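Take a look at these structures.
Below, subunit A partners subunit B and then partners subunit C, in two separate complexes.
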Partner chain A sequence: MRNVQTVAANTFREAVRDRVLYNLVFFALLMMGAAILVGQISIGIERDVIVSLGLTAISVIGIFIAIFLGVALVSREMDKRTLYALLAKPVKRWEFLLGKFFGLVMTLTVNTAAMAAGLYIALWSVNHALLKSDTYVLVAVYLILLKLALIVALALLFSCFTTPFLAILFTAGMYVAGLLAGDLRTVHGVELDPGTLRLMRGISYLLPNFENFNVMGAVVHGRGVSAAIAWQATLYAILYIAIVLMGAAVVFSRRNLK
Partner chain B sequence: MNHRAIHGTILGAALLAGFVGVWKLQEKVDTERTTLQMENDELALRSPAVMKRLSLEYAPLMGAIYWTRAVQYFGGKHQAHEQNLDQLWPILDIATTLDPNLIVAYHFGATFLSDAPPRGAGEPDQAVMLLERGIKANPEHWRFYQDLGNVYYFDKKDYLKASQAFEAGGRLPGTPAFMKIMAAKIAAEGESLETSFALWMDLYQTATNKDVRKNAEDHLRLVKMEMELRALNQIADAYERKTKQRATRISDLAQAGLLSGQPLDPEGSPYVLGHLGRAEPNPKSPLREEWMKEKKR
Partner chain C sequence: MTQGAIEIENLSKEYPYGFLNLKKKMSLEGLTMRVEDGEVFGFLGPNGAGKSTTIKLLMRLIFPSAGTARILGKSIDDVSMHGSIGYLPEQPYFYDYLTAHEMLDYFARFHGLTANDRSARVAVMLKKVGLDTAKKIQLRKYSKGMLQRVGLAQAILHDPQVVVLDEPMSGLDPLGRREVRDIILELKREGRTVLFSTHVLSDAEMLCDRVGVIVGGKLRGMGAPGELLDMKAQGMEILFELSGVPGNLPLLTKATRTGERYRAQLPETELYEALDALKAASARILLVTQIKPTLEEYFMHLVEADRAQASAVEVSGK
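Here is the complex of A and B:
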C-alpha cells in the first residue's frame, strides 16, 4: 500500500503543479456573476439558480478534469517514458494504476470541496443566511464526487488499451450512455421483440448508471435526500469502481510496454 | 521605456481600439437589423422531451434558464407593448418539463398566461393546463389550487370550478382556512365584489414579488372603486325614489342630505354622475381607463 500512497501523493502534487486548481477562479467568478445577475433578470429563483448552477459547474468542471487528466494519467507517463523508470523499481503495475486513481480522486476532492465552499458563500450572499435545506447541497456534492471517481476509473481503463483521443471519446460516451441507461429499460412507442428487449435490459444494467448520483432536481428545491439513496450510491460506486479498476489492472499488466 | 514595454503598449492599444471598433460596429449592425422587423424565434427546439434528454443531468439548471427566458420574453413584449405572446406557452412548457418542481414557473407563468391583454397573454385555458400539471407534479403545494381557483374565477368566470379548486386545496394539510371560506363563498355567491376583494387582498398580502403585489394592488383599487360606485348608485336610486327624478350631479345627492360630502376615488379624483345618472369615475381620473377596460371584458 505504501507504493500506492507514494504514487497517489505524486499524482496530486503533479496536478497542483499543472495548475489544475486554477479552474477555481473561473468557478468563483461564475458564482459571483450568477449571484449578482439572476436576481435582476428572473423572478423567484435566486436560490434555485445558485444551487443548480453551482452543482452543474462542480459536476461539469469535475467531469472535464476527470476525463482529460484521467486519460493522461497513464498515456503521459508512457509518452514521457517516466513509466519505465518507475516500473523498474519495486512497484507493481496495479499499484501504479491504483496510485494514479487515488491521486486524481484526491485532486478532485480538494477541487470539489473548494467549489462547494464557494457555492455556500454564494448562497450566503443571496439569502444572508444558510437554511437547513442548504445542508442537502452537501449530499449532492458528495454524490458528484462519487460520480467523478467512477469517471476517473473508466478513463483509466480506456487509456490502458487505446489512444488518448479514443479514450476520451469512450469515457465521455460511457458517461452519456450511463445517464440514459435507465431509458433502455423503459423504451416506449416502438415494437421490439422480447429478445431485443432482454438485451437492452441487460445492457442497461451493465452500463454505469450515472443517474444514481443525480439528486440535483430535489436538492435545488430544498428537498431532502434519504440516507438510503446516499449509501446505496456509495456502495454502487465502490463496487463499479472496483470492477473497472480490476479490469484496468488486468489490461495494463498484460500490455506490452516496449 | 524599453522595446518590450513599447511593444506591449502598442499591442494593448491596438487590442483596445479593435474591441471598441467591434463594439461600435455591432451597434450599427443592431440598428440596421431592426429594420428587418423579424420576429425572433425564442425556441430553437420545441420538444420538451428532447430538451430534457439533451440536458442530461442538468435539467434543473436548464429549467431555471428557460424560466428566466420566459420572464425576459414576457417582460420584453410588455415593455414593447406587443400583444403577441404566442411563444410564452412553449417556453413555459419546456421550463416545467425540464424541472417539474419549479414552483415559480407554474405560479407566475399561470398569471402571465391568464391575465387579459395588455397585462397578460389572455390564455386562461393554457394557464389551467399549466397549473394542473403543477398540481400533478407537486400535489402538496396548495397554492396551485388557489391559483387555479383564481383563473377560473377571474378569467374563465367558471364559478363552480373555481369553488371546487379552492375546496380541493382546502383539504390539503396546512392550508389556511381562507381556502375553505372562499370555496363556500364562491359556491354561494358566484362573482361578487366582496369575493373579488378578498381574493385580491390575499394575493396582495402574500405576494413576494413586487410586480405581482403591484398587480394585486391595482386590482384592489379597481374593486374598491366598483364597491364605492355601487354604493353611490344605491344612494342615487334612493334620491330618485325620494324626488321622482334622477340626480345629474353628485352635489344633488349631498344637497338632499344623502351624502355628507364629495366622495373621492382611490386616486383622489371626485366621482361623477354620468349617462342616465349612473356613478362613474371622473374622466380625469387615472383609474378611468382601466375601469373602462374592465367594463368591456
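Here is the complex of A and C:
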C-alpha cells in the first residue's frame, strides 16, 4: 500500500497546485450572497433555502470536479507521458490507479469539507444559532461525498479505454442514467411486454443508483436521516466502487501506452 | 552460457490501424539480441525503426505481440525487476508542478528508501547532473536540457544495475551532450549495463562497446563499432613527406598535396609496392592507415538497402 499512498499524496498535491481548490472562493461568494439575499426575500424559510442552495452547490461543484479531474487522472498522465517514468519503477499498474483514485477522493473530501464549513457559517449567520436538525446536513454532505467517489471511479474506468472527451460523455451519461435507475424499476402507465420490463429492471440494477445518496429533501426540511440509510449507502458505494475499480485495473493492466 | 543483462528473444510488436483496427502494422519483427553485463550498448536506427518500441516493450509500457525478454534474469512481466533498472523516456515529461527535488524524492519513495537515504540520494543526484542550484524551481520553468538532466537523475537515483536511456542526447546542446556522455562513461566505470538509443552516431562510436542497428523493425547489424566497420574497409591511406623535387613516383598521381605533405589513397593490394617506392624516393612516411567508413556511412548503407528492398517489394506487389 506504500505505493498507493505515494501516488495518492502526489495526486492531492497536484490538485492543490493546479488551483483546483479555488472553486471554494466561488462557493464562499455564493453562500455569502445567498445569506444576505435570503434574509431580505424569504420569511421563515431562510434555513431551508440556505441548506438547499448549499447542498446543491456542494453536489454540482463536486460532480464537475469528479468528472473532469477523474477523467484527467489517467488520460493526462498518458497524454503528457508522465506515466512512463513512473511505470518503469517497481509500481504495479493497479497501484497507480488506486493511488490516483484515493488522491482525487482526498481532494474532494477536503473540498467538500470546506464547503460544508461554509454552509454552516451561512446557516449560523442567518439564524445566529445552529439547530439540532442542522446536524443532518453533515449526513447529506457525507452521502454526496460517497456519490462523488463513485463518479470518480466511473470516470477512471472510462478514461482507461477511451478518449478523454468520450470518457467525460460516458461518465456524465452514467450519472444521469443512474439518477433514473429507480424509475426504470417502477415504470407505470406505459404498456410494455414483460420481457422489456424484465430487461429494464435488470439494467436498473446494473446502473449505479445515485438516488441512494440523495437525502436532500429530508434534510432541507429538517427531517432526520436514519443510520440504516447511511450504512446502506456506504456499503453500496464501497461495493460498486470496488467492482468498477477492479474493471479499470483489468483494462489498464493490458493497455498499450502511446 | 552466462546470463546477459538484457536478453531479448524473438520480440515482435504489431499495431492495429485503419477502419475498426483491422489492418496491422509490424513495428518490430522477431528481435533477438543480448546485452552483456557491464557493457554500453548503443541502439541505432532512423526514426520509426523500432528503437523506442523495443525499449517500451522492455519497460512494459506496451505489450509484445510475440516473444519474450528478460532483464537480469527476470522476465519483464515481473514488476520487481524494475527495482534494479533505471529508465529515461524519450523527450521526458515530468510533473511540471513539482520542483526537481520534489520529483526525485517522489520517485525515490517507490524504491523503498528511508527518509534519510532519500534525502542523501536526491542531493547526490542533483549535484551529479548539475541541478543542485535549480532544485527548488518548478519543472515547468526548466529548459529541455534541464529536463533531460533531471530525467537522467531519476533514472539512476536508486543505483540501478541496468540503465535504459531512450535518446538521452536528444535536444541537448554540445555541453549537455558532453555531460550525458560523461555520466554514461561513469556508469560504465561503475560496472553498470547501459542500453541507449541514439541518432547521434558519433556518440555511439565514442561510448559503445557494441551497437545494434535496427531498420524497418528488424535488426540489421550488431557488433563492436570497430568490427562492423572493419568488415567494410575501403582501402589504405598513406601520409608522407617528400623533401626536394618529387621524382616520378606513380603514387603522386593519386595524392593530394598540402605543403610538403602528401596524402594518397590506394587499394590494400598495392600498399607494399607503394611503400617500397616511397622508401626508394627517401620519403618520410608519417602514417599508414586503413580507410574505414564512418558508422554513419555504415548506417546509411543499411537504411538505403532497406528502402531499396521495401520499394522492390512494393513494385512486385503492384
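Heads up, the rule we're going with is that the second predicted complex is superposed on the first by the 256 of 258 C-alpha atoms of A that agree within 3 Å, B and C clash if a C-alpha of one lies under 4 Å from a C-alpha of the other, contacts with A are read in each partner's own complex, and residues count from 1 in each chain.
Convention: a contact is a pair of C-beta atoms (placed from the backbone, for glycine too) under 8 Å apart; a residue touches a chain by one contact, two chains touch by 3 or more.
Remember, predicted model here, so these are calculated numbers, not experimental data.
Q: When the two structures are laid over each other on subunit A, do subunit B and subunit C clash or fit?
A: Once both complexes are aligned on subunit A, subunit B and subunit C fit side by side.
Q: Of the two partner chains, subunit B (first) and subunit C (second), which one does A:170 touch, if any: first, second, both, or neither?
A: neither
Q: When the two structures are overlaid on chain A, which partner does A:18 contact: first (subunit B), second (subunit C), both, or neither?
A: A:18 contacts subunit C only, not subunit B.
Q: Rounded to a multiple of 10, tell me what angle the C-alpha centres of subunit B and subunit C make at the one for subunit A, in degrees.
A: Roughly 150 degrees separate the directions to subunit B and subunit C.
Q: Which holds for A:158: it touches subunit B only (first), subunit C only (second), both, or neither?
A: Touch partners of A:158: none, neither subunit B nor subunit C.
Q: Given the touch rule stated above, what does A:257 touch, subunit B (first), subunit C (second), both, or neither?
A: A:257: touches subunit C, not subunit B.
Q: Under the stated touch criterion, which partner chain does A:91 make contact with: subunit B (first), subunit C (second), both, or neither?
A: Only subunit C is touched by A:91; subunit B is not.
Q: Should A:120 be classified as contacting the first partner (subunit B), the second (subunit C), both, or neither?
A: A:120 sits against neither subunit B nor subunit C.
Q: In the superposition on the shared chain, how near does any CA atom of subunit B get to one of subunit C? Answer in angstrom.
A: Across the overlay, subunit B reaches subunit C at a minimum of 24 Å between C-alpha atoms.
Q: Under the definition above, what is the set of subunit A residues touching subunit B in their complex?
A: Within the complex, subunit A contacts subunit B at residues 38, 41-45, 48-49, 52-53, 55-56, 59-60, 176, 179-180, 210-211, 214, 216-218, 220-221, 223.
Q: Contact residues on subunit A for subunit C in the complex?
A: Going by the criterion above, the answer is residues 2-3, 6, 10, 13-14, 17-18, 80-92, 254, 256-257.
Q: Where on subunit B is subunit A touching in the complex?
A: On the subunit B side, the touching residues are 53, 56-61, 63-64, 67-68, 71-72, 99, 101-104, 107-108, 208-209, 211.
Q: Looking at the complex, which residues from subunit C come into contact with subunit A?
A: On the subunit C side, the touching residues are 56, 59-63, 79-83, 85-89, 91-95, 97-98, 106-107, 109-112, 151, 154-155.
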